[in-house]
């Protein structure tokens, strides 16, 4: 990588939302990310600004593929905010390993990879070669509070 | 941790079920947990006593949120039994990393985190700060043999 | 292991398909597998020959359990092709850790473990004791492009 990830974030004019947190009056019984060895396991995130849900609905019904893609990109930004809060600096993420994306699918909608690309493309734009990752894109019946996309991931840190 | 996990189990009056195993006449083509390095990967478990299913049904239809939460707690006890059998002593689990919870959801039911809390709260009661973990809570169409909850996890061992 | 995995593949008369790749005109924004430390994380695969889908449909509706099992075995062969391409030699896979199998289920079909056994049995036939792995088998609403089975996995490499 020539440029740092932080400078790429600025260059692309990306604004990070607030980090994923519990809504007022609620306490999470999980962490939004957890480090083991040189890996960070990132909890399932959605298109969130703090605890506020930015997009709801099923892809293939309430949202089309492009809107699903955009929701997956917003999910990526929420994950970046979590990593920045946890690690202090996104440049501590030295590479990506694995992504598991879930899409809230209307019956018959199965272009789940095209939706999760919204997440993967963001990571590749920022980390380049180091952003390459294994992935699955699954269509599920229900996601928490009606979010259209949920992504969990494993990344390498230094 | 001041007290050991085993003594916390006793203190809370928890009784572990029999470890997850194949029903009579069936042979599993998978292990209920598998160690790699200092991590143990735990197979998807449900609310089980040995091979016996303790709770069946969809959350939001056959079970309400509280019953789903209780099924997730029973799932946690089944996982503890598996870990005790594999490791000899629950105190060999030094921390938790990642939990992936699946909820058998009736159409329209999406409070999946409230259900999987039944698992997470048990782990936090027993391991305290070391029990903190990243997590996803997903609603799915079908779980094996109609169980309401399935949880797989990664923990650290010493 | 007495025999090498490659010689077991030959012995069983297994033919590996082409490795999982993007269809013409499409570029994947993910890798089909990714190495971190001594682990390889394998992306979700289906019953594929290169980018060509060999089996489509829902288990419990378009396919019965046995056909689902066969699709899971084909999924395993596709994963072997990916590993061979990535690592040069299947004998570099020294053991298996974790398998997450998704089954495209018709409503009411929940014998998901019997389907994913098609994958697990193949791995055990080839790696024996070293092929043992933790596993979850989940029924989902939709899989990419209507494939009946999707499997992602973690294996150890040397």
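Letters A, B and C name the chains as they come in the text, with residue numbers starting at 1 for each one.
Here is the rule we use: a contact is a pair of C-beta atoms (placed from the backbone, for glycine too) under 8 Å apart; a residue touches a chain by one contact, two chains touch by 3 or more.
Keep in mind that what you see is a predicted model, and the values were worked out from it rather than measured.
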Problem set entry | Inter-copy rotation, chain A to chain B, in degrees (Cα atoms; steps of 5) | 120
Problem set entry | Copies chain B and chain C touch via same or different residues, half shared test | different
Problem set entry | Mean-CA-position distance for chain C and chain B (Å) | 25
Problem set entry | chain A residues counted as touching two or more neighbouring chains | 37, 100, 140-141
Exercise. For chain C, which residues are in contact with chain B within the complex?
Worked result: 38-39, 95-100, 103, 105, 107-113, 117, 120-121, 124, 132-141, 154, 156
Exercise. Can you list the chain C residues touching chain A in their complex?
Worked result: 29-34, 36-37, 41-44, 100, 102, 140-146, 150, 152
